[in-house]
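Encoded as structure tokens, here's the structure I'll be asking about.
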Amino acid sequence: MLRLNGITKIYRIGTFGGKELRAVNDVSFDVNECEVVSLIGESGSGKSTIGKMILRLTSVTSGEINFDGNDISAYKGSGLKQYYRRVQGVFQDPFSSYNPIFKADRIFKIIKDEYFPEMNAGEWDEKVHSSLCDVGLNPDHVLNKFPHQLSGGQLQRFLIARALLLDVRFLVADEIISMLDASTRIDVLNLLVGLKSCGLSILFITHDLSLGYYISERAVILYRGCVVEMGDTKEIYNNPLHPYTRLLMASVPRLDKKWEDVAGEIEWQRKPENDAYGCVYYARCPVAIKGECDWHSPQLVEGDSNHFVACFRAANG
Amino acid sequence: MAKYFRRKLLIYLLTFIIAVTVDWCIPRFMPGNPVDLIISRAGLKGSAVSQMYTFYMQAFGLDQPIWKQYLNFWIAIFHGDLGTSIFLFPSPVTKVILGAVPYDLALLIPAILTSWFAGNNFGAFAARSKRLDNTLLPLGYILTGTPYMWLGIVLAWAFGIAWRIFPIAGGYSFAMRPALTLPFIWSLFQHWFLPFASLFIVQFGGWAIGMRNLIIYELEADYSHYLAALGAPKRLVRKYAFQNAMLPQLTGLALQLGVIVAGALATEVVFSYPGIGYLILQAIHNEDYFLLQGCFLFVVIGVLLANFIIDITYVIVDPRTRAGMQGGAS
Amino acid sequence: MSLNIKNLTVYYQTLKGDVQALEHANLSIADGEIMGLAGESGCGKTTLSNSLILLKPPMKLISGTVELDGKPLPITDMARMDEYRFKKVSIIPQYAMNAMNPTRKIGKMIEELLHSRRVDYSTLRTELTRRLELVKLSPDILDMYPIELSGGMKQRMVMVLSTLLNPSLLLADEVTSALDVSSQKSVSEMLVEFRKREFVKSVVVITHDISILYQIADSIMIMYAGQLAEKASTETIIHRPLHPYTHLLISSLPKVGVRYAEKRLEGIPGNPPLLLNPPIGCRFRERCPMAFDKCVEEPPFEEIEEGHFVACWKEPKSYAQA
Amino acid sequence: MRKSTFLILSFLIVMSMVLAACAPAAVATPITITSAPQVVKETQVVTQVVPATPAPVPLTYARNETLYTSGTQWGPPSSWNPFNGGGYAMGTIGLVYETLYIYDPLADKFIPWLAAQDMKWVDPTTLEIKLRDGITWTDGTPLTADDVLFTYKLADPNGDFKAGLNFAGLYNFLSSIDKVDNLTVDFKFKANPAYQEVGFYLWQTPIVQAASWSKLDVKDITGGANENGIGSGPYLFESHDQDRQVLVRNDNWWGIKAFGKTPGPKRIVDIVNGSNNVALGLVLQGGLDLSNNFLPGVATLVKGGYGVQTYYPEAPYMLSANVAALIINEQIKPLDDVNFRKAMAYAINTDDIVQTAYTGIVKAADPTGLLPIWDKYVDQDMVAKYGWSYDPAKAKQILADAGYKDVNNDKFVENKDGSPIALEVTCPSGWTDWMASIQIISKNAQAVGINMTPAYPDYGPWRDAQLKGTFQLSIQNESQMSSTPWSYYKWVFQNPIANIATAQYGNYGRYDNPKAFDLVNQLNQVKVGDDAAIKAITSQLQEITLTEYPTIPLWYNGLWSQVSNAVWTNWPSSADSANHYLPASWRGYWNMTGIEMLLDLKPAAAQ
Amino acid sequence: MTKGKKRNELLYFAFRNTKLKIGLGVVLFFIVLTFVGPLIAKYNPTDSVGPAGAPPSAQFWFGTTTFGEDVFSQFVHGLSSTFLVGIVGGGLGTILGMTIGFAAGYRGGNLDEVLNVLTNVVLTIPVLALLVVISAYVKVRGVMIESLFIGVTTWPWAARAIRAQTFSLKTRDFVDLARLSGESPVKIIFTEIAPNMASYLFMTFILMFGSAILTAATLDFLGLGPTQGISLGTMMNLAVLWSALMLGMWWWFIPPGIGITAIVGGLYIMNVGLDEIFNPKLREM
């Protein structure tokens, strides 16, 4: 359904683009119908940039994003509008997603103005109500209020309801629960996954391994703009192949295992001899092969079935 | 860092080119032919008129094609040649202006620097002190709203005419001959003081207000809270806040330069202080476009230089620009 | 007893009235104890920590006393409190990334700070270097400006600085939340290391992430809406919580190994109350599945068993986790 | 404040002060003082100039030896070239360079100056000029007939230089200039020379030193700055700066012996005008002895015991220096109609202008426009017959009689063909007294039904409109007092019409009257001093101006002059016992007895 | 907290803010005077109606000029051109600044670079010197022309400030969301970004208003003001030209200066007041 084909994002910094910052580097993966894929990475890994590129909020430097077989970069004007009818996003900060000086339900009004200008008011209200009910909100409690009068959880549900007003088939969910209160966040997550049954595919962007594990069928691990490992979520969690994934697994604070019980020193500090070549993880890799990892970038290869990894060590066994 | 300066230089260069081009247009698009004015001023009569007309057209290069004139103008600028003044014929414009520039520098540099330092210190002192904030700072707002020349007029009236404490015209006593002697410097000072004071007072208010607002922001900054939590005395916290608030004030100074220079021009007129402002006014009243052109160019170069100095100073005093300068999108 | 808080009530003054951010807090922390303080945003954990070190307007002390090492801490007296700050009580603030003056070299700032506290920098210099090395920082960074450091480096720098004078009590406010997974671990472990080396006696680790506390804290205290809910040893809180809130909160947390497809987690319905005009009695009662009549009275924060405090009218032992 | 900052700051301030201190010093002109003139015998071939040790120049000028003047320089002194008519520094002609004669307009007589005696016409076409013996240039060399010859030949269209100088007009009727002996020069003219104009040039042309000027090329002669030029007059340029110029007395000046008088002030400091406002302030504070600025409100000061004195103790206080007239573009309707012009003349309330715009410091003009010094030429019968005064009723009547009626009832009259009239009267923006005046004129005109509005363009386009003849109505005052009323009539009847733009002197309205033009030429050919002949011709010209209204004289601009008795006394005044000189430092006025005022000035303490 | 409450809170602070009250009061006073003044003033400002240079009296409240014009009449008529310059010059500057600031801030990229350079260039060229040249060029000038010149030369300051604000607002998620809703950039700028900066834009306008008045006063004072009509700046110019200082006619040059200072000072104080209202950090504790 959605296919990312070698996409790269280079930010140009300085006057008339003097310096380059490679935020996303040759990333390819796809998301199938009714599938939740987690895009997992730390800050600066480029995960949000990928989400924005899918949403056409930022341009793609090279590579191609296909939705239902069409290159989305070709969309303009009404074509783009039709694309947004099917692909939508929800972002991390619920309060930033609303214009603070307007009422929260203005986001619905915008959808009506842009997509359903001919629909009469009664019909529209009906549609909004049912959509709100679908996301577990009581329309009477939440309509006609300002954003700061609603909780973060309610606001995020609002955004999901907004997407449902359109014929959404693909949702980019960028860290949508990381700013919610612990006691309410899991419900939003449950709601999201529940939508899968309605034929929705989700790209779930997160830095939290346990959330990724909880929600997705497949996961993509991103490090400094590169995919280092991807595949079946369970497979990755139970048998991480890339040293970076292993580090993540060992570092994530868990409620069932203490750090002492996990393997000891797994991170390295090494000065890379060159910046331009080699594995992105070379500087921190405890198992790097000098002369190889610092000069060649490993390709993503299939280790186990449906389990890809970009590491010479892992690939060599 | 080199990149930062390259970028800055690019902007300065562009500004300079645009300014010079505007400048070049001045005498050419003004109604009336400057040469006619020279001839009429020289009091030439009869056959001499056409003879001198040709001569001056050639001398100013006005008989050349427009593009050539533009090119020649650039060449002339780099030779420091800004043509001949009409009103002060036959003085070269450069010479006339160079005679005035020291007065401007003597007025502007101390006025800008002292008001900036004093205003900032006062603003920092007044910030968060309720009593000062409510009594003295409104005065600051009023001062910034005062037109420079009006303050000049009032000062001249009060100190020069009513009380006769200070002279109200000229660069130094008309009874003196320039020399590096105490009485002469004293006279220079006396004549300098009122124009200086009117520039100082107006700017002082502006800086004080700016600093007050900035320091309040700084005192609310995280590092101030952290220092307070570690029991650092108020003095240290305020010192840091003050020093950090100075940086945006430095940028503010660069932004204000044009306004300050304008104020100085008006003030010079009030006090007949023999600087460029006074020359500009005379040039306008006497339709001396070449002089006007030269003055404009000098002011632009002066402001550009000052901006550049401020830029460099900023890099020196703000470690963030030094450490993190990557060309900055600001 | 290192820290002894009695009946501490702190409000925030706002235009529309007082926000009752911390209500009747009673608690003790032992020497050498690392106590985790957890709760959702707005539960009063930062208020509690701030009132121990920098209680200033719009915060207002309504009642309560604080004792540190057996001596009363003059928390309301800004001037007298200065003597205790840094030396007895110290803080690693939430905003550690921006805690250092951006225009001063770090070493210079430390020197000026110490000088202002009448502590001789030169005698501390070697100890400072030693501790920097301990947190894997080169002493060279003393000659750098904060902007030249990465987030994790700044965090560690602030850790070293805040504990430089070996305070009795260290308040560590959300020290890991801005960090990447891998840095979270090393910073957390450093806190434990600091305690071990007696750079600090006791530590209060404030966080919204209970799993971090599980890794490093000796005891955990759970707060809800300005009230203390439960305090006990880490194992007890995670595995045998007594307060319904603690129980529901912990069971709603996703864990590696739990999948939606296999086991559906549930959140707590409803939202925390606004503290401007909170419900009287137990503030959790509106969301509590076990709430009953008695809950309109404020439950006392009582020691139910050795080291296990709970503020709930229900009988204990109700929620042993399966 | 941190110590280092403070140090840097103080350093910068001190530096800038020093900078300011150095600047004027750098511009100051070094001067060489030469020894007392050698008595140069004719046998001596080589003139010996022995430079003496320069006398130390005092740092502060003693107040009682210094005369402060203002009113001539409106910008930094920039030219010391006596041939730079409009722009030479104060005193260049008169104090430094001298003329053969000076002219006394109050007594209407030529006073021999460099010349030893009155103008002597050997025959009707030959003028012999004899120079005083013993005049030296400031470099010690004698001023001789060669210098006079050289000077006048500069403008010779067939000479070496062909310089377009002011007196080039002399060559219209000059056939040759010859040196008779070392001190005598003969000017030989063609038949019927223009005696009036010749006289005009004789007191206006500065004599320059042949030895130094012959080295210059024509460009430098006409336009050079001539800094450190060698003069012959009572003062030398000492130094100058942006806002002043200092002249020092030439103690070897020939006149000290010749007149037995030494100019009072050791130094003259001429202050560049910042504004009239500043000048008034300086006058009030005793910082200015002679102010030739237009100072509105000076009447109150004269009366108010500020120690300020003017030529007349009562209104109009000032001598009249030039006539301000309404100039009228005669090429456009309805201004081409003499009756319309006449109606305007009757409509304007000149007294109101005098009182309101000038607070009474000027005098309403005589209808003839002849300055008071030319009162003797005014044909009173003619004035009685044709003269006009403010009479709006009569103005209306004239308009009505001439057929100007208000057709469309807008309270303004229309052209005879019914087209509306909308006139604009202009003066340069910022010339406040004139601005006030044209406001009054417009109001007066409107009152009689003439639709006239004031407009204030900038000087450039205002002047341009006059030269091109595109203006409608304006005010001009170019015609100054001089040795001959011819200069006034030349201004009114400048011709030929085609040359108005290049002549740049009058008749911008393009008034075309061959008879008048001829009369002006006749007037020019009257012998200097032949008052009867002048009167006869001017009487005819007056008839033309009084009946044709080529311009409408409004008021006499004053010879603005305010003097202070605080330091210097014995100023010219209208009082019977006083000196009757022109109290002016303006260009062209030192050689109209201004210099004599200096010779008579006495320090206040001396009295 | 409801929006209503929030608005009330702003109003509460507004009513409590002395700075705003004083500033607004002064400005309103002069605005009222501008409209009512010509009705009270008995004379045409350029008519000679009284004795020359008379001090203030019951008949001539602010005295008369050297030409016997009524200073009070001139003052109230001058006020209107002062306000006109403020509104037109300041308004035009703000609008230009907004357009350029929004475009640069929202579009970013090379357009931003170009506009940024342009802004810096115009910012660096001393505006007054430029205005002097332009004013000298146009021979017959009215208040409108003057205002236009001031507007087209003073926008960079506003553009810079607005650009920075737009830049920070642009990164807010609701802007992305609006784009995801298919809104056009112009619509996003005016319906999403601008309303959020309303207070800021208003304050920018006030500052531009004040600085336009000051700039105009300086030009007028130099004799480059309107060649027709009267303004407070030309009053000062004429007062100085006609030696009001020396003759002690303080009533001629003091009122226009006080008028300008009070209006601009009032505007600035008002702005600080507004800043405190919109910016809780600045509020007095």
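Labels for the chains are A, B, C, D and E, by order of writing; each one numbers its residues from 1.
Note that a contact is a pair of C-beta atoms (placed from the backbone, for glycine too) under 8 Å apart; a residue touches a chain by one contact, two chains touch by 3 or more.
Everything numeric here is computed off the predicted structure, so don't read it as measured data.
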{"item": "Farthest-lying chain, centroid of Cα atoms versus that of chain C", "value": "D"}
{"item": "Maximum centroid distance from chain A, chain identifier (CA atoms)", "value": "D"}
{"item": "Pair of chains joined by more contacts [C-beta pairs], B-C or A-C", "value": "A-C"}
{"item": "Closest chain to the centre of mass proxy, which here is the mean CA position", "value": "B"}
{"item": "Distance between the centres, which are taken as Cα means, of chain C and chain B, whole angstrom", "value": "55"}
{"item": "Gap in Å, rounded to a whole number, between the CA centres of chain E and chain C", "value": "51"}
{"item": "Inter-chain centre distance, chain B versus chain D - centres from mean C-alpha coordinates, in Å", "value": "38"}
{"item": "Distance between chain centroids, defined by C-alpha means - chain A, chain E (Å)", "value": "49"}
{"item": "Shared-contact residues (touching 2 or more other chains) in chain C", "value": "none"}
{"item": "Per-residue overlap in chain A, given as positions that touch at least 2 other chains", "value": "15"}
{"item": "Chain B residues counted as touching two or more neighbouring chains", "value": "10, 30-31, 161, 269, 285, 329"}
{"item": "Touch list for chain B against partner chain C, complex", "value": "221-223, 225-233, 235-236, 240, 243-244, 247, 317-320, 323-324"}
{"item": "Partner chain B, residues of chain E touching it in the complex", "value": "18-19, 22, 112, 117, 120-121, 123-130, 132-133, 136-137, 139, 157, 210-211, 214-215, 217-218, 221-224, 233, 236, 239-240, 245-246, 248, 250, 253-254, 256-257, 260-269, 272, 275, 281-282, 284"}
{"item": "Touch list for chain D against partner chain B, complex", "value": "1, 5, 9, 12-13, 16-25, 27-28, 57-61, 63, 66, 68, 74-76, 78-79, 81, 84-87, 157, 162-166, 168-169, 219, 222-225, 239, 241-244, 246, 269, 271-275, 278, 281-282, 284-285, 287, 430, 458-461, 463-464, 467, 502-504"}
{"item": "Sites on chain D touched by chain E in the complex", "value": "275-277, 280-281, 284, 295-297, 300-301, 356-357, 359, 429-430, 432, 436, 439-440, 455-458, 460-461"}
{"item": "Chain A residues touching chain C - in the complex, by the definition given at the top", "value": "42-43, 151, 153, 181-187, 189-190, 193, 207-211, 213-215, 233-234, 237, 247-256, 258-259, 267"}
